[in-house]
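Below is a structure I'd like to ask you about.
Every chain is named by a letter (A, B, C, D and E) in the order it is written, and numbering of its residues begins at 1.
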Amino acid sequence: MFPFIFDWVSDASHFVFMGTLYAVMGLLVIALHYCGIRAFFDWLCKKGQHEH
Amino acid sequence: MKLDRRGFIQFSLGAGAGITLSPLPWKLTDDFSIWTQNWPWTPVPRTGEVTHVNTVSKHCGSGITLRKVGDRATKIEGRKGYPVNDGGISIQTAADLQLLYGPWRVPGPLRRVGKRGSGHWENISWEKAIGDVVQKLSDLRRKGKSHTVACILGSDRGTVPQLFSRFLKAYGSPNFIRTASCDDTYELAMSLMQGAAASVAYDLEHAKYILSFGCGLIEGWGSTVRVIKAHSIWRSGNLKERATLVQIEPRLSNTAAKADQWYPINPGTEGALALGLAHVIIKKSLYHTDFVENHTFGFEDWTDDSGRRHIGFKRLVLKKYSPNAVSRITGLSAKKIVRLATAFAKADRPIAVWGRGKGTTSGSLYECMAVHALNALVGNINKIGGVSTLPEVATETWPKVDQDHIARTGSGMPRIDGAGGSRYPFTRYLPERWPQIVNGHKACLIEALLVHEADPYYTTLDSAAVARAFDRIPFVVSFSTLMDETAYHADLILPNPHYLERWEDAPTPTGLQVPILGLVRPVVSPQFDTRHAGDVILTIAKRLGGVVGDAFPWEDYETVLKETIGDKWDTLEEAGYIEEADYTPPVWENAFATASGKFEFYITAFEQAGMKINKDLQCLPHYEPAQPEGNPATYPLILIPVELTRLANGAVGNPPFCMKTLEETELKKNDLFIEVNPKTAAKYRLSEGQDTMLETPRGKARVLVHLFEGIMPGVIAIPKGLGHTAYDDYLAGKGVNTNSLMGVTEDPISGLSATWGIRAKLTRV
Amino acid sequence: MKEEHGHRPGKKTYKYGMVIDLDKCTGCGACMVACMAENNISFRKDETNKLVSNFWMRVYKITNGRSFPDTDVCYIPRPCMHCEGHGHHHHTPCVSVCPACATDYDHETGIVSQIYTRCFGCRYCMAACPYHARVFNWWDPSWPKGMEKYLSPDVSPRMRGVVEKCTFCHHRLQRARNKTYSEGRREIREDEYQTACTQACPAGAITFGDLKNPEHKVHKLVEEGKKKKIAFRLLEKLGTNPKVYYVSTKDWVQKAADVYLGEEGKPVTHA
Amino acid sequence: MDSALIPKGVKRCPFGLFLVWIGILQIPFLIGVIAYLVCWGLALNQTYLNNNYPFGLWIAADLGIIALGGGAFFTAFLRYIIKIDELKNIVNFATVIGVMCYAAALGILAVDIGQPLRGWHIFWHANVHSMLTEVAFCISCYFTVLLIEYLPLVLENREINKFGFPRSFAHHLHEAMPAIAAIGVFLSFFHQGSLGGVPSVLYGRPFAYREGFLVWPWTFFLFILSAMACGPCFTILITRITETFAKKQLVKRNVIDILAKISGWLLGGYLVLKIIDTISWGVSLAPSVGAPAGSFYANQPYGWWVLITEVGILGIIPCIILLSTRARQNQPLLILACLLNCAGIFMNRWIMSVQTLAVPVMSFDKFFSYHPNWAEWASTLMWVWLSAIVISISYRYLPIFPQEKELNPL
Amino acid sequence: MSTTEEKEKTVAEGEQETAEHAAAPEQLEPVTWRFLIPIVLFGVGFVVSLFIGWVIFPKIIYCEKHQPIDFSHSVHQEAVDEGCESCHFFREDGSFSGIPKLENCAECHEEAMGENPEEAKLIEKYVEPGKEIPWLTYASQPDCVFFSHAAHIKMAELECAACHGRIGDSDHTRPYQCNILTGYSRDIWGWNIAGMGKNAWDWMKMDDSARMKMDRPARMKMDDCGDCHEKRGTSNACFVCHK
């Protein structure tokens, strides 16, 4: 799965397959975090308003 | 400060961060993953130095090499260069370690508690166990009942059986019984026709045309590996040079499958076919004129000293066994008979072999003689690729037994099985007959029975009668290594070590044409509290004292063995075997120790022994239709027991590995399959896998039906070797013991069992 | 799939394979038992259901499907074929499908491996193998008391839930390598590496060796068999490129190896 | 507490009745749990799987369930990428169904493999050439996507939605949904296809083997198409079942009609390709390995009827119904078509996995039939009951059907 | 990482917020204190768990055993002629004998040669009763591994120390540590609890004096074998090292 694992072979199949996988996983993580952070700031702003 | 929820969460976050940055989760994950890959309950075999030691298998007489790791035996392999098997191994021997280490071993001397056959035992010391035997035997001897002691053994060759035999002689009993095999009949035929007191030997390796009358050559006839190796020789070389194997058998056995030609004939008519072939050979003058004319007796008609005319083999055969007549008996077309006879007689180095299946039944004497007559006709006696007698490596003879009065009287009493008496003067043992005799008398005929390397309770025909006979023997001692049926129904078990744990000599394996003496030696340290049967006999004899003790001047069994082997011991010990490779059987001029000094088609010995001879026919090989037991109206089918390569049916049960190799069409869960021709099945509305009741005049059993095109219509086949009740769940309770369905059909001249089948019927359950 | 293994320039490579003479094979079963004994194969009290039974080497009994008395029977021992694959299937059928790299094809020896600790038991490889050479451990193997004593340390006992198969007794190759290395040799002689079934076969029907090496008996037998048109492989047409060759002079047996229909249009059946 | 969680403006059954309903569902569910424990504890000998049938009900069900769950990705695809706006009224429910289908698929794999604790090997020691690896990666990624799609629904629960963060988080997730859905669609295309590749790369099994395009056999594309054709039907079916239990209409008929129509067209396209594929297999591929196509249908119960049923009864008939506007709008006929279509997909998956193994390859192989035992059935059906429970809870507490209020004014 | 923390924190505080909504407003503590509490709590949790993870955990996961006899390799090295191979020899079949059997020891130690109490123990407890010494094998691999000493020593001509470290120069046996979960010797995972560490083959590059300092091997996991094979161009096919 990772280049440091015994079974890794640096060939096209691995690059394409694992590359796609990492891209997908990366996109998902980014999307989630993006939403989370946005929500967090929304909440911070609102909280600020509330306290004022 | 109060730790509120928020505080706890903050603390946890810190803890989480800390743990994440420590090796704990990562190492634990890795360890856990390792744990899932090496479950602690999966056995890890210990390593150690690998050594190879040679010995000889008591099962098949093959040389074996044991691979050991440290002190553990891990594998049995065929010994390269051993004259019998040269590296090959038989299936049962390959699985022998399962018997060596298996839970079916008798762990030490056991004395029965509770009812016989209930399986309750107490462990006793060797001292006590031997004491029990000695007390019983000395009581019997004192009471003058020494002749009521019997021994049943699987063989009468080699030092251990000889010790038993000697013991009986010194003790005073004639009742040494060897379990049944085709050797019983073969020895008789060889002694009557050739005057040789030995079993038969075949030079199969050099034969070019092998005509087998129902022999399970592949299944384990003779010495398994050796015959299979010979078969491979027949199959080697250019196609044109290859040998021809012809199998005569009602069923497509392994041998029939490997044969070049398979001629299914009506079961039990092998003798007729042999004579039919003889008819063609004689009629076409294809026989070996030199041998037949100069070295045989009774071929042509002759006149005896008193001037009485006797008919010869030739006239008998020509008169009674024309191809058409034989065709009617056997079901084989006359054309095929002529073709077969011609091919056989014209072949380079033809040989006719006899002995049904693996050769574990005795069979009909005339049939055996008829087949052997074919060998005489083609003149292959004592020739390369022919038939001779089984030679032994010469060993030292033991001092004569000095019998006292009791021993002399006892030994002089008639045998329990009637062998050697006035009725059957030539027969040495009648292993299938004693149960009937024991059951037929009110008095207790056997007071004590010692059983060694045999399982008569399981292997003897007519199981019900055998069980009854055992019930009438008050004292049964088994020397069995394994908890077999006889041991299970014994009063006392004095376990012999497994052959991998003991010394013994292995005489020439059955059927071999070259003398070989193998050495069985302890290659594994004793796994249980066992004692060598030879030593036990020595101890018993010494404790009995007097002439019995005096007959055994040796300190222990090892001494017996060494002294018996004598000068050759060093060679034997070093090489593991002695082979007299340059042995050749005697030439025709001095090969026959019969009254006529020739090969006898007409047996002169019968009259000399004082048997009443009414017709010449009695002295000539001829066909006597042996109707199987049972009424054809009630039992329309004929059941023949068959022997399978992968299923041991002798004194030693089939090891689990071999059980595993049985086909799914042979055993299903605990039910065995009988083979039925689809035509027969259609007649009785049976289908594949059908649950069926198989009934014979002797018993019945639930079986499953396997439709097989390779079995003659009207005949059904049942495998031998199942239906064990002892051992344990790996073997016991699976299938049915064919002996419980079969009865004994006595051969008129030898008294041996000529049973080859029985009538049967099938009913759907 | 680590098919890249063994593609190392300058290294001596072998192509271990087998030739089984069906004319000689008697169906005695010694090969099966020798295999079980050699490879610590487990067994249970009831082994009659062959569908869950564990065989690395299995002897099939086949008939020509004709009726009495023209019936004929032939025995076909079937180890793992150690398929090489060729053409457009440039891979062993079972190796390419294993999701966890628990099996590989070693181009240096031609042996298809199986690593029990890596396998997680998805059984995809069994689905891929048309020869039923792969078996699954439906049970946790256990031995009756005392019988673990005969287990060989050369072959790792398996656990439940993993797939196993014939390995051409590769541990014997490892042993042979040990010996040659300690003697300062690299080349393994023909007699130094033989499988347990080859050694056990009383008929001498099985021959094992390097198919590439013209000195080896297997090579000669294959060449000779091809010339006489009596050598064949199982399911040749699928393109699995097995390394186990069979030799039989019987026509119907040769046909049974590859086509679906027998002589008389009736299927050749398992007897 | 219960009433506080129920979305505003809708009516739900009394809490007691709800508990009874969940309680009833739990009984077969618990039997399934027992089957799981039995298979894990006593190993797979507890099933009727064997060396001839290394794949059985479980794998067939896995393939089928994922095809059915294809409704989620395909609806999302139509909603977010093709932008068929009406479908927003059913996409939530399609997501819930998808989540359960994929949970079931993963859950069934967890009992199917012999060493479940080593299941991670498929990721860690991945063999990228194996179709199963592709399947495993895509399924787990797509399951994550589905969870992300499901998450805003949970956050929109009345009580949770009171909190600022979840409300906001759900809002932003909604915004990002097209992107996430796009990833999901991408993943789905692949794994639906690689599931088709699972049997069809087995060149030792000529019944299933197909040639194809690059690394993908033709069935790769057939599987994608069939999943797209069947998924919406399954969504319709479950929606109608839910409506039956809820005793009210939850989705407007036009929404369902759109799905049914699309499904019909795809099914038609699929059938054409499937028939071409079968014929070309039968006339060229099968005979090339020495076996006429008929030999693959020689063993009962896998006779020719299998093919006829799969393509004809369970393919062409629903296709005609779905394509005909009049038939489609006849509700019982629509339900029948959906049922046939879903049954067809299951049958296809069963054939591709189990019949593939059933057909003897070596001429002397014996044919054995296989049927699953109780443990296999119970553990597979367990997911049906669990799904029913999850859907019930989701329906009760989450705003899944946007049109419910409109259709059922209080 | 950080985002999740933040997220969780915000969730926590969100909950706190609602709690405040619900209950009566609490009395506010001084601002300075409130500011420090989270940091202190976080810090305490952090430090405690680090301590557990790095110090306590290794002590729990490994149980320590001592060799039955405190054996001095260095003393024996001086006494024998053929170095390591005097006792750890190759058998005729090319297999490696590993740890010597009692008979090897007894060749010299049939009777006491000196006054060392460990030797006395050897003779009294093992030689005289003829009982094998239950040595603990530091480098024993799991059952699935086939390791050929012949291939490494004879063919590849590696030094023993390349994998085993300078155990040959040690004066005392070091304690044997056994993983309680896997049963593996700690030498397999390596002595660095974090699993890091120099790979065995790196030692070959070290000069002698540096190597002399290494008294124990680094790691012997599959990756280590694989890497070295990779570097040396040796096959990494499964059946090279698995059985």
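Here, contacts are C-beta pairs under 8 Å (C-beta built on N, C-alpha and C of every residue); 3 or more make two chains touch, one makes a residue touch a chain.
Remember, predicted model here, so these are calculated numbers, not experimental data.
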- Task: Consider the two chain pairs A-D and C-E; indicate the one with the greater count of contacting C-beta pairs.
- Result: C-E
- Message: Taking each chain's centre as the mean of its C-alpha atoms, which one lies nearest the mean of all protein C-alpha atoms here?
- Response: C
- Any idea how many Å lie between the Cα centroids of subunit A and subunit C? 47
- Taking each chain's mean CA coordinate, subunit A and subunit D are separated, in whole Å, by 27
- Message: As a quick test, compute the distance in whole Å between the mean CA positions of subunit B and subunit C.
- Response: 33
- Go ahead and note the Å separation of the Cα centroids belonging to subunit A and subunit E. 36
- subunit B touches at least 2 other chains through residues 37-38, 42, 44-45, 47
- Item | Touching two or more other chains - residue numbers and ranges from subunit E | 10, 14-15, 93, 95, 142-144, 236
- Item | Multi-chain contact sites of subunit A, meaning residues that touch two or more partners | 5-7, 36, 40, 43, 47
- Note on the structure: Within their complex, subunit E touches subunit B through residues 1, 5, 8-9, 12-13, 15-16, 37-38, 41-50, 52-54, 57-58, 61, 91, 93, 95, 97-98, 142-144, 179, 181-184, 189, 193-195
- For the subunit A and subunit D complex, residues of the former touching the latter: 1, 5-7, 13-14, 17-18, 21, 24-25, 27-28, 31-32, 34-36, 38-40, 42-43, 46-47
- Contacting residues of subunit D [partner subunit C, same complex]: 43-45, 49-55, 112-116, 118-119, 121-122, 125-127, 129-133, 136, 198-199, 201-206, 211, 288-292, 295, 298, 356-357, 361-366, 368
- Within their complex, subunit A touches subunit E through residues 4-6, 33, 36-37, 40, 43, 47
- Item | Residues of subunit E that touch subunit A when the two form their complex | 3, 6-7, 10, 14, 17, 222-223, 226, 236
